[in-house]
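Just dropping this structure here.
Here the chain labels run A, B, C, D, E, F, G, H, I and J in written order, and each chain numbers its own residues starting at 1.
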Amino acid sequence: MLKGISSLISPELLKILMEMGHSDEIVLADGNFPGASHAQRLIRADGHGIPELLDAILKLFPLDQYVDKPVALMQVMPGDTVETPIWSAYGEIIEARTGLQAPFEEVERFAFYERAKKAYAIVATGEGALYANVILKKGVISE
Amino acid sequence: MLKGISSLISPELLKILMEMGHSDEIVLADGNFPGASHAQRLIRADGHGIPELLDAILKLFPLDQYVDKPVALMQVMPGDTVETPIWSAYGEIIEARTGLQAPFEEVERFAFYERAKKAYAIVATGEGALYANVILKKGVISE
Amino acid sequence: MLKGISSLISPELLKILMEMGHSDEIVLADGNFPGASHAQRLIRADGHGIPELLDAILKLFPLDQYVDKPVALMQVMPGDTVETPIWSAYGEIIEARTGLQAPFEEVERFAFYERAKKAYAIVATGEGALYANVILKKGVISE
Amino acid sequence: MLKGISSLISPELLKILMEMGHSDEIVLADGNFPGASHAQRLIRADGHGIPELLDAILKLFPLDQYVDKPVALMQVMPGDTVETPIWSAYGEIIEARTGLQAPFEEVERFAFYERAKKAYAIVATGEGALYANVILKKGVISE
Amino acid sequence: MLKGISSLISPELLKILMEMGHSDEIVLADGNFPGASHAQRLIRADGHGIPELLDAILKLFPLDQYVDKPVALMQVMPGDTVETPIWSAYGEIIEARTGLQAPFEEVERFAFYERAKKAYAIVATGEGALYANVILKKGVISE
Amino acid sequence: MLKGISSLISPELLKILMEMGHSDEIVLADGNFPGASHAQRLIRADGHGIPELLDAILKLFPLDQYVDKPVALMQVMPGDTVETPIWSAYGEIIEARTGLQAPFEEVERFAFYERAKKAYAIVATGEGALYANVILKKGVISE
Amino acid sequence: MLKGISSLISPELLKILMEMGHSDEIVLADGNFPGASHAQRLIRADGHGIPELLDAILKLFPLDQYVDKPVALMQVMPGDTVETPIWSAYGEIIEARTGLQAPFEEVERFAFYERAKKAYAIVATGEGALYANVILKKGVISE
Amino acid sequence: MLKGISSLISPELLKILMEMGHSDEIVLADGNFPGASHAQRLIRADGHGIPELLDAILKLFPLDQYVDKPVALMQVMPGDTVETPIWSAYGEIIEARTGLQAPFEEVERFAFYERAKKAYAIVATGEGALYANVILKKGVISE
Amino acid sequence: MLKGISSLISPELLKILMEMGHSDEIVLADGNFPGASHAQRLIRADGHGIPELLDAILKLFPLDQYVDKPVALMQVMPGDTVETPIWSAYGEIIEARTGLQAPFEEVERFAFYERAKKAYAIVATGEGALYANVILKKGVISE
Amino acid sequence: MLKGISSLISPELLKILMEMGHSDEIVLADGNFPGASHAQRLIRADGHGIPELLDAILKLFPLDQYVDKPVALMQVMPGDTVETPIWSAYGEIIEARTGLQAPFEEVERFAFYERAKKAYAIVATGEGALYANVILKKGVISE
C-alpha cells in the first residue's frame, strides 16, 4: 500500500501505468473479454468493476490531449438492442476527472480485439456489464 | 470466469488452491502484511476484504480434519487494547461452511511471520481491519 | 483437489479454462494428434478419453452463444469410410450440458490443424477413437 | 504415444523414469498428498489411480535389488482403525512384476513427508484410497 | 535406463519421440549437418551412427500410414557421382520394422534444409556417411 | 510518469515501495555502498542524492509506528573524526514528513551490511556524502 | 562508480554504450515518450534531464563520421507553434564535444517512433522540455 | 584450458565452432562492428586481433569445399581510397591452413550487415584495422 | 564436429572440459548411476562406454599433478565378490595417456555419491560394466 | 568500444567493475584457476595476461583505502621452490597507479579458494605464470 494510491491498484498495475508514455493504450476489460489471449501484458483485477478502476486510474494520468477521442468503446453489434448504461457512468467519471465531454470513439468488435492486441496492457476485471470494455490513451504529463 | 467459481478468485489463486494438499497452509494477509518479503508464492488480491475471500475459498476446500485448530490468527500484542471484531466475522463464515465452532489458534506476531514463510502461498488482500491476518490449513477431500 | 471440480482436471487445465474469455478456443486432441507441435499452450491429460473431459469442462463453462456452431470436428477425409460413433457421444454430452442440438461444424483436416495452432490451448488426451479431435469455443458467463 | 508404453504415462514422466538411476526414489502420491509443496520435480497424473500407474511403471524399471524393502508405505497413524486394502493390490502387482513377496517398509507420516522431499520426483495422482501413498526405489538394469 | 528402451536413446529424445503426433517429422542428421542452426528442438547423439538410431526409433513408433513416402532423403546433388550405400541399410531396417519396401522420397538439398527447419526435432548424430540425412514422418499408433 | 509521483522514482522503485509491508526495510545507499553484492532486490538511482529520494519516498509511506527508531544510520567508525552533516538534512526531512524528532538508530558498519542483506530492497544512489547510507522501516497505512 | 565516468550513467547504460558499434542508434527520450512500448532495450534514467546525459554520453563515444546528420530530432508537428530552446542546448553540447555545427536531422513524429523501435536502446529520462527526444548514431572509435 | 586448443578461444566459442555444421557461417568482427545488434549468438573476444583468431579457428575446422569463395570480406565503399593490408594477412593464413589461394568474395557494406544477421554467430574482437570484418563458411569434416 | 576432437564428445561436454580448472573433478558415470539427482551439471553420453570416453578426455587434459591419486573409483562393497576387469582397462588407458601407474583411490559407495555431488559435472554414459564409475581430477596445463 | 576504456575490457566486465562498491572483491585468475566452479559471476578474458588487465582495471577504480593490504596473492605452497616474478610486475603496476608500496597479503591456497567463492566476480584470464592469481578489494571513489 502507498499513501494516496487506491488499494484497487496492484503494484504491478501501478508500475505499468507509470511505464506507459504519451499515446500508449491500456484496455480495461470485462470479465468475459479474452484478455489472456490478446494481451501483451496482462494485469489481473478479478472481482472489481471497471468504473472504480477507471476512476482510480484517471487520478494517476491524463488522457491524450492530442487526439479528439482518447477513449474507445466496443460498438454494440448490429441488431443487438442491448442498452449500455455503463457508458454513462464512464462519461461522468471522465468528465469529473478530465473535463472532457465527448471522449468516446466506438470501435467495431473485431477491430477492438485487434487494437487490444497492440495495447501496452490489458486489465482483466470482473466487470459484469455488457459492452463494458474500454481503451484509454494516455496523455502528456507536465510536472 | 468459470461457472460456480467466485469472480473474486483469480485463475492463479484457483490453481494454487487446487495444487495444495492435506495440511498445506495458505495465508490471507491484510493490506499492511509484509507478504512480498515472506511468501513462497504470492497471489495479489488488491482491493478485496478477507471475509469475502475466506468465504469463497471455504466453498472450494475443507479445513484440516486431523488437527484441533485448523485456523491461525495473529495474537493481539501484549498491551494492545484493540478490539478484533473481524474474528467474529471469520468465526461465522467458518461455522457456516464447516460447522467448526472453535477453530482458532492464536499465534504470536513473529511466530506468525515465520509460519507464513513456510506456507504454500500468501494472498495479499486490501483488508483494512486490525489483526485480520489468518492462516488456513487445508483438509482432506473425498470425492 | 477442490470440492466440485472433477479430479480429471489438473490445476493447470483449470487455470487455463478460467483464463479463457468469450470466443477463445480449446482443442481436446486424441492420442495421435500432433499437439506439442501445434499448441500455444499444451496441457497433458494422458490416459484419459475425450468424452469424460468434455463433460467435466462443460460443467465449468458454456459454449459461445453468439455463433451457430460453437464446436468443431475434424471432417472425415474424402474416401475414408470410417464411422465416427464418438461424435454421437459428444452430441449427447453437449445437449445434456447446454441444450444445443446441432452444435457441430466440420473442418477439413489441414484447416483444423491451422485452427488448432491459433487456439488458446490444446489438451493432449489418450483418446483412441478415430476423428475424435474437437474444438470448443467458450461462451459468455453471466454471474 | 509410443509402441509398448502405457498411455497412462506422460512424456515428462517417461523422461523422469529414464533419468532416475540406481537408488533414486519416486513417490506415487494420492489425491490429497501435499505434492506441490514437497516435490523436487512434480508430475501430474490427475484422475488416475495408483495401482495402474504402479503396474505401468514396474514394466519399465526394476526395484532396488540391494535393499530388503525397496517400497515404502505411509504407516497408519496410531489410533486410526482404518483398513488399507490397496496395500494388497500393490503387493499383488509388485509380486507379479518382480517376484518380491514382502517388499514393504512402513514409514511414519511425517518421516514419509521428509523422505518425499528428497525423492527424485512425486507423481500427483487422483487416487482416492486411504494411506495409498507409496515410494519406489529404482533398481539396477542390466541390458 | 529403462527396460526395453535402447540405451542409445537419451531421456530427452525419448520424451521428444513420445510428444510427436501423427505427421510430425524428425530429422536424423549426420555429423556435418547444420543442425544447431536449423532445429526447433535439437537432440545431441554425438558419436552414434544413424542406422542404429533409426532401428531403435522404429521400435518405438510407426511411419505415417497416410502418405506414400513417409521417409525423406537428401537428393544427390546434380553432377555428384557419389554412391549412397547407407540408403540400402536404411531400406533394410525400414522394411524389417515396417514392411515398407519403397518408403523414400528424395528432396533437393536446400528444400531439405527448409523442411528440417519445420521438423519437430533434429537429432545430431556422428554419422560419417555421405548423404546420410533422413527425415521420418511419424504414423498413427493404435493401442 | 504519473500525476503526483516524483519523477525521481522509477516505475520499478514505485512497485517495490508498494509491495513492501509493515516492518519491511529499504536501504538508500550512497554511491560507494556495495549494493549489488548485498541486495535481494537492487534498484538503480544513479546520479541522485539521498535527501531528495528520502523526501519523495516519505510522501508515499509512513515509518514504522511500532518501533522507537524506525530509521538506521551507519555509525561513524571508531577513530574517524568525520562530520555527518547529511544526518541533519535527513532529520529535517523526516520531521517535516512524519513529525518524528529522534528517529535514528546507529548501527556498526558490518552489522549495517548484514541488515542491508536482509532488507527488501537497496536503492543504489549517486550520493557522495560520507556516512550517508540509511535504512527505512515501513509503517502501517490506514486508508 | 568508476573513475572518469559520470555518476549519471548506470552500469547497465555504460554496458549498452560499449556494446553499440558503428551506426547503432540510441534514443534519449523525454519523460512522456512511450519508451517501454517501443524499446528493444530500455534503460531507466528517471529524474534526469537530457542535456546532462547527452554530455556524459558524448564523452564516451563519437557520432557517426560517415553520415551528414548523425543526430535526429522529433520534428515539430505542423500547426504547433511551440519553441524548442532545448535544441540549442543540444547543439552547443554537440559542438563542444564533436565540433559538428549542423548535426540535426528532423524526423516526423510517427517516423521517429518507428526509428526508435529499431534503435539499439532507449534511455527513459525525466526530461520535461517539449520536443526533447533525440537519437544519436554512434561513430567509429580508433584507439 | 585444453591441450591443443589456443588459449585465445573461450569455452563458449569452442562450443559454437563445434555446433556449426556444413555451410554455417561465423563473422569475425572488428572493434567497431555493430555485433550486439546484429548477432544471433554473440561471442566476445575483446582485445584480440582477427588474424590470430582466424588462425586458431582454421586449425579447428575447414572452409566450405562446395563453394568457390568460402570467405567474405566487406567491400571498400565507393570513393574510399583506404588500403586493406589486413586482407593479405588473412590470405596468407588461409593459404597456410587450407591451401586456398583466392578464397575471397567481396560484399557491399549493407549486404554484409544483412548476411551477418543470418550467421550462426558473431565474434566481437578488438581488431583495429579498417575493413577487417570477415565471414567464414564452415566446410565438411571427414573424421 | 571439429578437427582433432573425438566425435564422442558433444559440444557441451567439450565446453565443460575447457571450463574446468586445476583440481576440478568430473564423474564418468555408468548407465545405472543416479546422475540426474546428483549432478551440478549433467552431460548425457547415452549409449557410450566409459573407456572410449576416458581416452578421448585424457587427450584433452592432464590429471592433477599435485595429488597422489588423481582418479577415484567406487570401492567394491564389503561381501561383494564381483570382479572389476574394467579397472584394468582404465589403468591401461591412463598409463598410455599420462604415464601414471597407480592413479587410483578407492572410495566407499556413499562417500563416492557425496563426492559426485560436488564434482563440476557428471557424464551419464551407457556403460554396462559393474563398479565402472570413475572420477577424474583435472591437472595444470602449461601451454 | 568507448573512448578512454581499454579494449581489453569487455562490456560485461566494465559493468561488473562499476557495480562493485567499497570493499567488494574481484579475482583475476590465471588460466588454470577453477574459476567456473568458484565464481558467483564469471567473466571470461581468455588469451589475456593478468598484468595488462590489472593495469586497465586500476585506471578505473582505486584500491580499498580502509585496509592495510587491499591486494591478496596465493601463497607459495610449503616446499615449493618456484619463483614468482609476476608479483614484482604487479607491485610496479600497483605502485604506479596507486602509490601503494606494500599492498600484498598472502593467502594459503585453500583459503584463497574460499575467498574467491565470496568475491563479487572472477575474471578468467589466459595468464600462464605460476602463482599469478590475485584478488583486488575496491576502494572509495569521491567524484
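Following the convention adopted for this analysis, a contact is a pair of C-beta atoms (placed from the backbone, for glycine too) under 8 Å apart; a residue touches a chain by one contact, two chains touch by 3 or more.
Labels paired with UniProt names: A, B, C, D, E, F, G, H, I, J = L-fucose mutarotase.
Here the structure is a predicted model, which is why all the values come from computation and not from measurement.
Looking at chain B and chain D, the chains in contact with each of them are C.
The interface with the greater number of C-beta contacts, when A-B is set against C-E, is A-B. Repeated interface: B-D and one of D-E, B-F or F-G share more than half of their contact pairs by residue number, and that pair is B-F.
Note: centroid distance chain A to chain G, computed from Cα atoms, is 32 Å. Here the spacing of chain C and chain J, counted between their Cα centres, is 62 Å. Residues of chain G in contact with two or more other chains: 1, 7, 11-12, 19, 21, 31-32, 36, 128, 141, 143. Taken together, the touching pairs give a contact graph of some other shape, not a line, ring, star or complete one. The chain pairs satisfying the stated touch condition come to A-B, A-C, A-F, A-G, B-C, B-D, B-F, C-D, C-E, D-E, D-I, E-H, E-I, F-G, F-J, G-H, G-J, H-I, H-J, I-J. Put simply, chain F touches chain B in their complex at residues 19-24, 120, 140-143.
Within the complex formed with chain B, the residues of chain D that make contact are 29, 31-37, 128.
Across the complex, chain J is touched by residues 1-5, 7, 11-12, 14-19, 21, 59-62, 141, 143 of chain G. Across the complex, chain C is touched by residues 1, 6-12, 31-32, 36, 44-48, 126, 128 of chain D.
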